[in-house]
Amino acid sequence: MSEEVARSEAPKQDELGHGQAMAEVDPTAAGATLRHLLKGGAGRNVGLVIALVLLCIVGVATAGDRFASTANVLTILRLAAVIGVVSIGMTFVITGGGIDLSVGAMVALASVWATTLATQQLAADYHWIFMVSTALLVGAACGLVNGVLVAYGKIVPFIATLAMLAGARGLAEILSDRKTQIISVNSFVDFFGGSLIGIPVLVWMFLLVAAAGWVLLNRTTFGRRTFAVGGNAEAARLAGIKVQRHTVALYILAGLCCGIAAVMLMARTTTGSATHGGLYELDAIAAVVIGGTLLSGGRGTIVGTVFGVLIFTTLNNVFTLNNLSISAQSVAKGLIIVIAVLLQQRLAARATAP
Amino acid sequence: MSVRSARLLIIVGLSSMALIACTSNTPEAEKTTDSGTQQVAAKGNDEPGKKVKIGFSAPAADHGWMGAITKATQAEAKKYSDVELVVAEGTNDVNLQISQVETFINQKVDAIVLLPFDGAALTPVAIKAMEAGITVVNVDREFGSTFAARTTVLGDNLGMGVSAGTYVCKEMKGKKDAVIAEIAGIDSLPLTQARSAGFKEALADCGLKVNNRVAAEFTVESGEKAAANLLQAAPKIDAIWNHDDDQGVGVMAAIKNSGRKEFFVVGGAGSANVMRDIKAGNTLLKATVIYPSTQGADGVRLARLLVQKKALGDLVEVEVPRTIQLYAPVVTKDNVDQYLPTAFES
Amino acid sequence: MTEYDVPAGGQDLLRMTGIVKEFPGVRALDGVDLDIRRGEVHCLLGQNGAGKSTLIRVLTGAHKPDAGTIQVNGQVVSLNTPADSMRLGIAAIYQELDLVPDLTVAENVFLGHEPARFGLTRRSEANTKARELLKGLGHGEIPPGRTVGLLSAAGQQVVSMARALSRQARLIVMDEPSAVLDSEEVDNLFRVIRDLTAQGVAVVYISHRLEEIREIGDRVTVLKDGATVATGLDARETPTAELIRLMTGRSIEYVFPPRAELAGDAPVVLEVENLSRPREFARIGFSVRAGEILGLAGLVGSGRSEVLETVYGARRAATGFVRVDGKVLAPGKVQQAVKAGVGLAPEERKSQALLLDEAVYKNITVSSMGRFASGGFLNSHAERQAAEELTKALDVRPAGVEHPVRNLSGGNQQKVVLARWLMRDCRVLLLDEPTRGVDVGARSEIYALVRKLAASGVAIVLVSSEVEEVLGLADRVVVMREGRAVHTGPAQDIDEHQVLDLVMEGSAV
């Protein structure tokens, strides 16, 4: 009987479709421009740009030159860099219909593994590249485990990565004996702690990862498949996409980003520690979601994520500069998440409404 | 007499602490100096001088002691009209704490009082601050480099153990077969190891040893769990030293549940709750060993003196010392009134 | 009706007159008359699309009719919400049982009206009451505390009925209740129905199986194209030929394009041999030549869609082979089927085929991305251009490949799915209900398109619930009933009556 049901409901859809078609074909010029703007990548981020600009205005108004100085902007960017790279990886996983709660723990484990005495010895004897590749490998391997558990083990991502969160941090504690491991390889610290054309290497790394992430998501078959898998996994499977393999690749990508973030954190702190990356999963998810990526998958934006990260770090900076209370900042953070998501929904509704 | 000699080493710290205390009106100071010198010294150093802007950053206040650190620091700064304190959000994320210090550097503060979440991880940025001409005062958790701070204010973890052990020895009055138990904090932390070492050393001095030892994690929940296990393991106990009064809330709950009364408990860190219990005298808590929660406050004072180029009162030396280690006194019913006002609320 | 004691007075329990329900573009119900008496089993007959489901939805308050009156016990009522219907004692047992599998039997029975005091549910009271209800249904052996998911399909149906009775239902609509049951369970079901009617409860019984209607039914109403064509027929005495004639005589005629002559030397492209999946279908075999359309006819649940999905590799075959151009496909590997040139336009277009929020062109190129990529980088300009050509050729409206597919009508969405496989130049196209949710005007277009595709040398397998569609489009027909092929032959040699008969009774008239 379901045929009949579909039949009786389908005409509604038809009507909707035609109505939409009319609106598409014959809008007022202004409406068209607005709609085009809202539908375009820039449009989706209008709310974020407004939020960031407002924050900056507040920053300049309350802290003046202390906020607007080059040094302060670089401070914001350096802080944003580490969590930003994690968030880029998270954007892919969420767009692909998953979630990764283990990012912070993977950062910790990668930082610890890359700073063990053995790894450091190798780096001291040959090149710091050994430390970097250890961090990347550890991150990617954790991501592989996440991906296999989700795609082939059919464990819901929330649970699979929750297990990784506990497991990886525990392993990091065992490896480091809960001690902070100090990096004595100066070449490593010098390179990653330094600057290129006046901009810190860490910030360059963030820019590079963000740019690569944007290209990967928006300009490649990999990205297109990510949207397809996250939007409708069954349809993607029936269209001939290897959904399971792709899911694994997404989690590996997230793990790899955590490896990169671990290297950045190691450079920033000159240490590896099991306590690194605490609660990064929440910061990353918050940044990704206020950026406009759909938590249920199928829609994702790297630009939005970058804005999301910048909004949170700028907020932090403005509060610090103004000597405002710890608790007030948390309240503001919560408010921003709610307002940003509400705004996104309104804009999205306006963009798709006939 | 190895304990005595060990304590001698701390004398420098002890006396310097007392001398800082000279400049303050905190009750804590009153025990070591007579009020006359205190007033003179206070007048000299407390007089408003050049305006000092101090940045303060500490880990998240997820523990009563840590919350007290920030509160005491802010309260101390308010006493001085020439101090402007900038407090950053308490955080356990070293990445964020580093950026807070960077922000302080950008803001060109005069001094930074820093209680790092992880001393080693915050070392590079502290060095950067020193290189930028900012006076860094390191509190409680030590940096990995001597170039990272002008002065370091430390608690005395080994001393805590020694004080607790000495008190237990005194109370046991030569009872040779006394069963002593210890409930430690997070076992892998150097501070826990130091506390335990001191305790062991002091007990050995009077021929006692730790018969049962368990470790908790500085939280109420973990304290309850560890104590419950301990009470199961040891059918008869004479004395328990619990490293931390925050986890002690859980420890006392477990003891209450067990109905055991044959022993007494010595606390650690010195929370106001515990001190009130000691004062009331109606619980098994007979004493606690202080780990001062005023380290940040002392850091602010030292930073102010350093920036204003003043010396510590009552020291002949014209410079503020590099390291100041605070004393870990034992609080009992007899002297509890003296410490209660500066105790932290957990 | 003769065997059962119908309360005197003769007043109808329910009378519907001139019910009209319009959906934009389609008149789903166009003057339905129906009267139900107390204690009778009233059978509703009609082809797919005749309006049975819509009628049930009107009856249960899910749809509000646009015209017509409904009387219950002689009083004109309006059924605006499901709650209205429930209050008047009308309940429905749907094909897909609407039970919560993780709750207990008693919890399901009283879901929404739990016996409670001061907000606390009274578990023991619920259990006692549920046991009574179940006993009344002749199924006292079902424990009220058992989790519903653990019960058999038949047991779940009984729970569903107990739920209806717990709300004092006086009219129970059963939508194809026997579809999920084996023959023994069907006997049980009939016993329960007899008990119910003996208590004066009326049952509206919907089924495609004529033998069941003959056994349990009292009177029959036949619907066709949204209108009542005959009502009050005797369920036992009316000849089968008469019922089928009433069901099939259509007023809307679809235009089927003429069949092209199949070249004598057209090679066999798709071969299916001895394909089986336990409890779904067994020993299905057929072959399709280039340019040929093979139709699979059968009821929902006869296994036709499952066969199609197994050929495609979306389900793993237990036994048997699928060969494309002579090469065997590994079972359960969609990727390999796609590579070999097989495409599927699935039954549930929205949930199985389309990325609704993505642009038309992305939906078209999703299976042939490799063509537009070099080194993993997509040339989206080329993508748009190629998609544009196809949408023009298929006359997808609105024109333009940037619209999200969600905004297209059913027919145009189907064209997008077809375009996806056209872009791959596929060899075999599997079409599952290609005109579901497609309005009347667009159907003819889809038919012409399917024909044209076949003419270009594609081998096509078509599944449809509408017999007319299968016969009109296909060159050869396989009729399926309960997982088995009961007839295979050229489409010209069989007519709608014969197919319906095969499908419903298993033997040609």
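Chains here go by letter, A, B and C, matching the order in which they are written, and residues are numbered from 1 within each.
Following the convention adopted for this analysis, a residue touches a chain if its C-beta (ideal position, glycine included) is under 8 Å from a C-beta of that chain, and two chains touch if they have at least 3 such contacts.
Computed from a predicted structure; not experimentally measured.
> Could you tell me which chain's Cα centre is nearest to the average position of every protein Cα atom shown?
Checking distances from each chain centre to the full centroid gives A.
> Centre-to-centre on C-alpha atoms, which chain is most distant from subunit A?
C
> Centroid of subunit B to centroid of subunit C, CA atoms only: how many Å?
Those two chain centres are 75 Å apart.
> Could you state the distance in Å from the CA-based centre of subunit A to that of subunit C?
43
> For subunit A versus subunit B, what separation do you get between their C-alpha means, in angstrom?
It comes to 40 Å between the two C-alpha centres.
> Which residues belonging to subunit C are in contact with no fewer than two other chains?
Within subunit C, no residue contacts more than one other chain.
> Could you pull out the residues of subunit B that touch at least 2 other chains?
In subunit B, nothing touches at least two other chains.
> In their shared complex, at which residues does subunit A touch subunit B?
Residue positions touching the partner: 66, 69, 71-72, 75-76, 78-79, 82-83, 173, 177-180, 182, 189, 193, 265, 268-271, 273, 275-280, 313, 316-317, 319-321, 323, 325-326, 329.
> For subunit B, which residues count as touching subunit A in their complex?
Of all residues in subunit B, those touching subunit A are 61, 85-90, 92-96, 98-100, 102-103, 105-107, 117-125, 144, 186, 188-189.
> Quick one: in the complex, what on subunit C touches subunit A?
The touching residues are 21, 23-26, 28, 48-54, 57, 63, 95, 175-176, 206, 300, 312, 314, 334-335, 337-339, 344, 346, 351-358, 362, 366-367, 369-370, 373, 376-378, 380, 397-398, 400, 403-404, 406-412, 420, 433, 436-439, 465.
> Would you pull the subunit A residues touching subunit C in the complex into a rising list?
Residues 1-18, 20-21, 24-25, 215, 219-225, 227-228, 231-232, 234-242, 298-299, 352, 354.
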